[in-house]
Amino acid sequence: MSDAAQNSSPPVTITDEERAELRRQGILLTSLQELYTWGCSNSVWPLNFGLACCAIEMIAASMARFDIARFGSEVFRPSPRQADLLIVSGTVTKKMAPQVIRLWNQMPEPKYCIAMGACAISGGPFKQGYNVLKGIDRFIPVDIYIPGCPPRPEALLHGLLELQKKIKGFKISGPNAPRHLRDDQECNCPVPEFGEHDLQPPQNPKVWTAPTIVRSEKA
Amino acid sequence: METAEQIRDRLLARFPGAEISVVTNPGAAAQHSLLLGHAHARAIAEFLRDDAPLKLDQCSNVTGIDWPEKKIVETTKVTVPDPAGGPAKVVEQKSERVQPGYLEVVYHLYSIAFRHGPVILRLRTGNRTDQVTVPSLTPVWRACEFQEREVFDLYGVKFEGHPDLRRILMWDTFKDHPMRKDYVEPDDYEWEPTPHGAVLEKAKAHYPTPPAAAIAPAAAPTPATGGAKS
Amino acid sequence: MLGSGLIQGLAVTAKNLVGSFHDPARYTNVEYPEVKTKLPEAYRNFPFLVTESASDPMGTLRCVACQICEKECPPQCIYIEKSKDKKPDATGKMQLFPAVFDIDTSVCMSCQICVEVCPFDAIKMDQVFEVATTSRFEALLLNRNQLAKPNTYYHSIHPTEAAEVDGRLAAERKAAEEKAKAAAAAKAAAAAAPKSATAAASATPPSTTPTPKPPAAPSAEAPKPPTPAA
Amino acid sequence: MSISDLSPLGAQGGSHVRAVHDEFHGDLLEVSMGPHHPSTHGVFRMIVTLDGETIVKLKPVFGYLHRNHEKLGENTSYLGSMPYTDRLDYLCSMTNNWAYAIAVEKLAGQPVPERAEYVRVILAEITRLLNHTCLAGFLMQDLGCSGTPLMYAFREREKILDLFESLSGSRMMCNYQRFGGCRVDPSADWLEGAKQLTDGYGQFLDEFEALLTGNEIIMARTQGTGVLSPELAVAAGVTGPMLRATGVNYDLRKTDAYGVYPRFDFRVPLGAHGDVYDRYMVRVLEMRESIKILQQALAGIPAGPIMDPKAKLRGFRPKAGEAYGRIEGPKGEIGFYLVSDGSPNPYRYRVRAPSFINLTILEDMCLGQTVADAVIILGSVDIVLGEVDR
């Protein structure tokens, strides 16, 4: 709404950047883009998929008090074919990981992933366990990380709003376009096999590489 | 309820020649247990279940414990007579022996009918590698079914007579027994920003230098006494 | 009558439907981003470090890098490196300070054990929960600059607890000052008394009172951390 | 595209649906329900063999949430395991805390002050209300009443969670009990809040029962479904409301008389048929008894310390020995078996998880029932996967 109001207000000042953007894409495309991302961001349907403790808070977020329906995400689909959003809500164990990745592969694009809670992000408190995956982002790309153990339902809603913000920033063409609008990017992730001691392979190097730790002072 | 000793004596009277001994628990709980030999274990379990004064009809908890081989240094004081004829000296002699390791299965039995318990049974394997079989008590108490499977999965104890002995928590192709004390986890310590202790040791393999030394100097705002590190 | 149970149930839903228009007990929705639930004072999410002053956070950290929280943290998400030198703390004692203090909030389980074990009231629980982010490694690993928050902030989120802590710290400080004063007085008295008396006096008091030193003059020797408040 | 591509289990877990030929039954169908299934309460999986719609075989598959709780417990201190127990049965963290605290207190011979015992009883009974209400909501969800009962249940749950949060600081993961007492002393305001909740809960239950108990569809679906005999229940170690629904009078609050339960006047509701409806009714009646206990406990809570003054928080090292401590959790007997070797970490840390052991007889209850009934039978067992797989 505010964007539209800004655009229609009389003293229109276009920055050079916007001018360049307009020149490249045209008014039609940018309006279409706005419409597209508006539509996408306000109808994010999550997959009805709970793993552990955080799933209870996810259910709580969909109940009367927090009411995720206010953001257009109350339609928890039981089938991955009808879902846009995978909320990884809980500990992903190594035994469960192939199934989670398969579910991700079965979701149609555009699809998003929220890692809800410490366990989904990094393994959390169960990180040092032999059967716990140290973060679902070892295998599938994650859009939003919500730390907390478990995050409050409001925190999940905040994460969802962040995701909507991210979707609203998408371009429909060009090099910054999201994965599903481009031909050169793979949408599916390889599913690991159960090995004798661990998953094979233990991570997907296309999605995940651990940075080296540099303990410099950040502002 | 009878004490562990009384139960043992009654069992010995009923099953002459059975290996039954009381394992005392030195802790505050004082829940003593009965260590059973393999030969009579199932018969004894059935007896305990059906015995009129005990009637331990509920097997509440089944668990494994791993006791790896342990080196025990024993110091014994020996009096050595002084060859010079003086008073005898007390000399400490150290002897080292290896206590063989074993796996132990513990059963906690209660009686719902008489509301007493626990009577604790223990079964031990011969060692931790090849003699890891104990008799299964699942035919006596159905409650042991999944729990014995769990002990098999996590400790590698084989239960003889179990109807469906498969891995229960880990996947079928998994090879290790992760609850054993000497289990080595798969190495996935690529990102350990806050390591210490055992985790630091494992994370070190993934960093060219130990993380502690790789730290960029902290540009600490200088406190009153000048705390800036070089 | 068949169907009466169904009708009764439908009456309940109708009551709730109608009730939701006028009864706040039946309309519990909190319209989150616009309206926020008032968090209870006890609410905890992630830890933060308390500093005495907002203008010089790094100079007035209460933390003395004793590493107790690092050891006690169940998921091991705290990483501390001690400083090489010392700075005076609030009571004027020379203390170490953390050169590096990192908390991995992607691992933290908000259990509050670090707060409970901290003898210096230096680490407390924050209430900020809107921390969703798009990047994992940098954004979720908080360093000491990000963790440091002034005592006034602590007062604003946990007023009762903060007042209690401040009261305790002030009492400790006062006790330390009085002790120092008494020790100084005793020293002066001892100096005035004849030498033999000094020897006798010095034999007993130092065991109960700490080294008599005025708080203003920081000493170079390692000070012991203050005893945790009971 | 083959069926195995469609299935979340793929080739590894066997396909989702598969025809099995059996010479006695003709063609049987093997259906893999879970680990991603909307009605399996988390990541539980059952491999169900069907003859038409009738179940002829059902094999539960565990381990999809096996988080190595016991191994982690052996690597952390006694205190450090306390927050992990919250995450076992994540609907009832307070009772898990208490069961663990009671086991450690047994191990170390640690006394608990009277006020703390009262607070523990109050919290445990509130947890029982919370768990049974949510269970009823989820069970109705499994039955097909989408939304409404669950939504009412969660409305009440939020009230309880607000209480927990204002006391312990967290909605679900309370981490509240300590060895020799409780972490914080509940204020008079908090106790007043608990009183209000207790007083209002009866009214909610009346409404909830009006919605569900007399409903003909629920009766038709649940009565006579998933019948469990008392003999089998006892042999299989089934505990809690599951066992009492079969008519066996066994409640640890009465038999073990732990805490200050002997001081309260309450009854143990028993079922007669052992079917799904009885399990639901036993839980509803238990909630009514819990309200009675709460009223007595809130009226009689004494003043005094909340922690034993000699209790140690850090450097807690019980001397060598072992102890098995158990309490009546909302799901059944939750017990902790601890072996100490005198070090700060337990040598062996074992959780006796009620919902894991209650699943032993899942197949027996489901045989001969239709596949739709398997879902509600599972729902009535009341499992939480955090506890089943640990």
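A few comments on the model shown:
We call the chains A, B, C and D, going by the order they appear; numbering starts again at 1 in every chain.
The rule is simple: a contact is a pair of C-beta atoms (placed from the backbone, for glycine too) under 8 Å apart; a residue touches a chain by one contact, two chains touch by 3 or more.
What you see is a predicted model; the values in this text were computed from it and never measured.
The central chain here, found by comparing per-chain C-alpha centres with the mean of all protein C-alpha atoms, is D. A comparison of the A-B and B-D interfaces places the larger number of contacting C-beta pairs at B-D. In whole angstrom, the spacing between the mean C-alpha positions of chain A and chain B is 44. Chain B and chain D have Cα centroids separated by 27 Å. Rounded to whole angstrom units, the spacing between the C-alpha centres of chain A and chain C is 34. Chain centres here are Cα means. That of chain A falls 32 Å from that of chain D. The set of chain B residues that touch two or more partner chains comprises 169-171, 178, 191, 193, 199, 215, 218, 220.
For chain A, residues touching at least two other chains, in rising order: 64-65, 95, 122, 125-126, 128, 130-131, 149, 152, 194, 210-211, 215, 217.
In chain D, the residues touching two or more other chains are 63, 66, 68, 71, 75, 83-84, 155, 158, 173, 389. Residues of chain B touching chain D in their complex: 25-29, 31, 57-61, 63, 65, 106, 108, 112, 115, 118, 120, 141-143, 145-147, 154, 167-171, 178-179, 198. Interface of chain D with chain B (complex): residues 62-63, 66, 68, 70-71, 75, 106-109, 232, 234-239, 248, 250, 255, 318-326, 333, 335, 337, 339-340, 347-348, 350, 352, 356-357, 359-361, 389.
Within the complex, the chain B residues that touch chain A are 169-176, 178, 183, 185-186, 188, 190-191, 193, 199, 206-207, 211, 214-216, 218-220. By the touch rule above, chain A contacts chain D in their complex via residues 48-53, 55-57, 59-60, 63-65, 78, 80, 90-91, 93, 95-96, 98-99, 102-103, 106, 119, 125-126, 128-132, 149-150, 152, 191, 193-194.
Residue ranges of chain C in contact with chain D, taken from their complex: 2-6, 8-9, 11-13, 15-16, 28, 40-44, 68, 72-74, 109-113, 116-117, 125.
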